[in-house]
């Protein structure tokens, strides 16, 4: 069996910066991820469910399964520091998973 | 000259025409907590229809006019240069006014300024609808609206966004804020030209020109869709804009004590920019008589006076993330947009008709 | 009087008209396991179009008629009161019949009763389409369908839902079930008035009145979209309703042994309510001659006889969650709706025409 | 680093009661959550993927990251008891995460 | 005979008609990295409209013609048989050519072959649009396009897919690849007949026939939507197809060294199949004079020459998963589709007009 | 309290094979799951966000909460071997959850 411990990085933030986050992931060498679009949510920065037009007010959830815990931590830290810590709404967290990817 | 009676008719026809009433329905629906919603895919579809329709119609009329009056090319070029000037000037002035008079923070002032300088497709669509109806009413003998004005969109939009962002970032840097944020004018220009709204509009204009020239019968068949449906589609689109405006009314409270001044700015400034636009086009009309109708000046006023609330917010959120969207979004969509279509447009229309004596 | 030949033509034209055939296509598509699907956003778009079109058309015709015959106002008010009566009466009777005759559990009986009392926009749209075509066929000299009938929607819908829920909850409380569930008539009334379907319909009616009065030319341009496209849009909408009906056919098996009686109820009751509606409007017609055509009675029948399957299920799931949706959903969408448009409507139409001698 | 242990409450249920659940969360003092809409699923109460119209037959997934495990348990219990235990279809579960929210 | 001038006009009108220009806009939008996108729900809506419109129109014209010329039934049956032959033959030949001449791997060759044998609804829609316009231009006196040709869709599509899959799987089995993969011709046939595109098209054709026969006035009202809007809707649909084509251009690099030959195959083969189709229909025309116009042969050419890129990829991904979608998708959508509508169609049109002397 | 340890199987793969995976789950006796549709992603087999038409280029995420860890492992293994190991793009992983389902 090929199940092995891995870490899933989950980033939920403004749809507007999806591309910027993907670019940052690419810079960090991460090229495999899954994107859930047009999700809604509430947080400390107000309800964000289509109260305005375009991408401004919807959220996006990006999930990245990464083999090494250390790299996962580096990724979440980079994303958090560049985007979530400053100006953009969102949350990020890690989960332990057992992955079956080739 | 317009009589008072005619003016009243203009005002009533505009305010109680279906598009404006559907806009009101949108706002009211939010206030009464109706669950009426326009799905996002439908919103995009309606917007694409309107942009393509404005472009196709403008292109096909432009090609006819250009063949007849080659001098129109000079008019278009001068108007494009004037648009660039307007874009920069409006962003610059609005930013300073918002900061000094309305008391907004630096980031908020310049982010909002970009919205006022940029072009609002929704405002433009309403303007085109009014001008085209006026042209239709008088028949093709008299020139009211040449159709090509919407092509000036990118010439005002991009310069306005770029200058607001650049000035804003410099001002923020001076205050020592967000020194690390990068501004990439090339990227902003790219988004300004190839962003969905302006790109589809301008490309449709080119398509309209080519198709009108090479394939007029096909063009006629195509306009059964893009022409006849325009007014009705505009109704559903404005319903959605009304919903968006209604949802932002609540956010106005974020303006706090500054709300009175923000209100004034949101109402008065666009009127000034609209009038400035009208006067510019009128001067061009005097220089090149017979090539510009009152509807052209009117549509230009909707381009200059309109305050973007779909593409500008996204651009500003990305480029001046320090600014609070709860300042600029409600100002643009819940104050200026309704003011413009309900009060500004009738005034601009009257001014244009008076100038042109129509 | 109608000859047998004319009746056959009415039946054939209805059954083999494009809208009905597209409905059949929807059902068949499910049975043959086609992957044909209408995206949710498109469904909403089609529904919004139809509701707005029905409202705009009704409003514009109503304002013309009201100006001409002020007595129509009294007719409308009486019809609204009659609608309230129908709503309560239909819910009350249906609930009792379903419980006593069809053997449904208390919760299921009253939840289903609310569906029968409430108004089905899809049924109404088909009815309006038929009545408007009949009006068009005879020209504007003779009154067939005044257009304003759909405005009665909320006057029947909300009373029906509220009474079914209240009676149902009381009955359940007596049985000691779900004592904790709260019923909030104010909330139900709010949803009944401001829910998407009824709110858009009624608001469009008001918009149609205002626009027809103040801005008739704009109104004409708008109706190029909402008028000419109506029949075609109805086809796609009914295709989707057919798909929904087809998907619920399988759920009919949940009815188990009660299916025979449920079948009868689903078929016969709405016919009674339709006939009741027709007779009421006919009485009103006798009292106020010249203000109501056979198409008005016919459309009222579709309001009274229709069984809601979009908004009622959501209301009932929230208010009587003890009821099993697999009982009321298939009854409403897979039995009564098809019965109504295939068999009920032609019968109602014939009855109306016979009464009016048209 | 600001990573800290937290618990994610996941609630998958009928789209129809989304608002009611959000209200309950608000009553419990929870004002930050993410909503995934128009999801499908099957469970003991039948396939629920758009077999009917409107919101009746689609599911919604609500995720809430909560710092204190005890509060997370209280939340899931309240939601379960009020909605899922009785009349509405759905499932709810907890996951351990390491959150990076400010 | 066509003069050179007339040929130039045909070419220009086609290339610079709005539909083709919107297709070009789609491709260009991707190249310039515009964010212009057609939402998936809108795409489905546009496709459903076009398929229903083609079917309704074809059905209503077919029923008129069948009543007038019962011999047409024989023509239709023979054309259906010829379609089956074409489907099998095209898949068989294309697969061998792709493998032996273009050097594709076995799986890729047969997967791609199925695409070429199968029918492309987008190509068909463009073809119908051209043929219907030509019919309209000459009036109803002369037969150009009988409308029923699209009904042949499933008769070519399913046989093509099934034979490509069967031959492909046998070839793979011989190479010892994927011995475990199951092929279920019944399932493929089911998908071929009840898949969204073909099912909606054929069902609409039947609906058109029934409605035209029993309810012609209703049919007319319905065609205000499905008829008048066709050209405009096609523009938006082709914009989306252009976007899809543009996005696949990048994937062409996966073809590596084989790109030159793939290019040739993607361009030349469909021209052959189109010509084969035209000759077959021309022979039928000679056998049954007066029942087939040049537009019929032309539309048949678009069925035979078109290369499916919506339903075939899904079928092939499921049945020959060993094949690389990055081979067949770009060939179908980024090479053959543009080639066909830009170059193939004008050539087919000229050939048909020359044969028919029109 | 009815919280109990369970395992969540997450399968992210091509939308095209959603039905086939559901069939396989049914064969394995699994009749309860949640489906997230129209999600995007990137992986070793290229970006898959609507670059082509129809279902070909979108992903689907299927989540199955299973009580017994062993069955969850059997499920993920079966799905992996039949689909992901060979021809179809995707990833599958397990997560530990504490479920509250009746």
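Think of it as A, B, C, D, E and F in the order they're written, each chain with its own count starting at 1.
The working rule: contacts are C-beta pairs under 8 Å (C-beta built on N, C-alpha and C of every residue); 3 or more make two chains touch, one makes a residue touch a chain.
Just so it is clear, the structure is predicted and the values come from calculations on it, not from any experiment.
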(Q) Quick check on the contact network: minimum steps from subunit E to subunit F? (A) 1
Q. Quick one: which chain's Cα centre is the longest way from subunit A's?
A. C
Q. Out of C-D and A-F, which chain pair has the most contact pairs?
A. A-F
Q: Compute the rotation angle for the C-alpha superposition of subunit D onto subunit F, expressed as a multiple of 5 degrees.
A: 120
**Q.** Centroid-based (C-alpha) most distant chain relative to subunit E
**A.** D
Q) How many angstrom between the C-alpha centroids of subunit E and subunit A? A) 42
**Q.** Length of the line joining the C-alpha centres of subunit A and subunit B, rounded to whole Å
**A.** 35
Q. Listing for subunit E: what residues touch at least two other chains?
A. 39-42, 45, 228-229
**Q.** Overlap residues in subunit D, where contacts from two or more other chains coincide
**A.** 36, 38, 95-96
Q. What are all the chain pairs that meet the touch criterion?
A. A-B, A-D, A-F, B-C, B-E, C-D, C-E, D-F, E-F
Q. Which part of subunit E faces subunit B closely enough to touch in the complex?
A. 12-19, 21-22, 25, 28-29, 32-42, 45, 133, 137, 228-233, 235-236
Q | Of all residues in subunit A, those that touch subunit D in their complex | A | 10, 12, 36, 38-44, 49, 59, 61, 73, 76-77, 80, 84-85, 91-96
Q. Considering the complex alone, what residue numbers of subunit E touch subunit C?
A. 39-42, 44-45, 48-49, 52, 56, 190-191, 194-196, 199-200, 203-204, 207-208, 210-211, 213-215, 217-219, 221-226, 228-229
Q: In the complex, go through subunit F and note every residue touching subunit E.
A: 14, 16-17, 20, 38, 46, 50-56, 86-88
Q | Residues of subunit C touching subunit D in the complex | A | 40, 43, 240, 244, 247-248, 251, 309-311, 313-314, 317-318, 321-322, 325-326, 329, 333
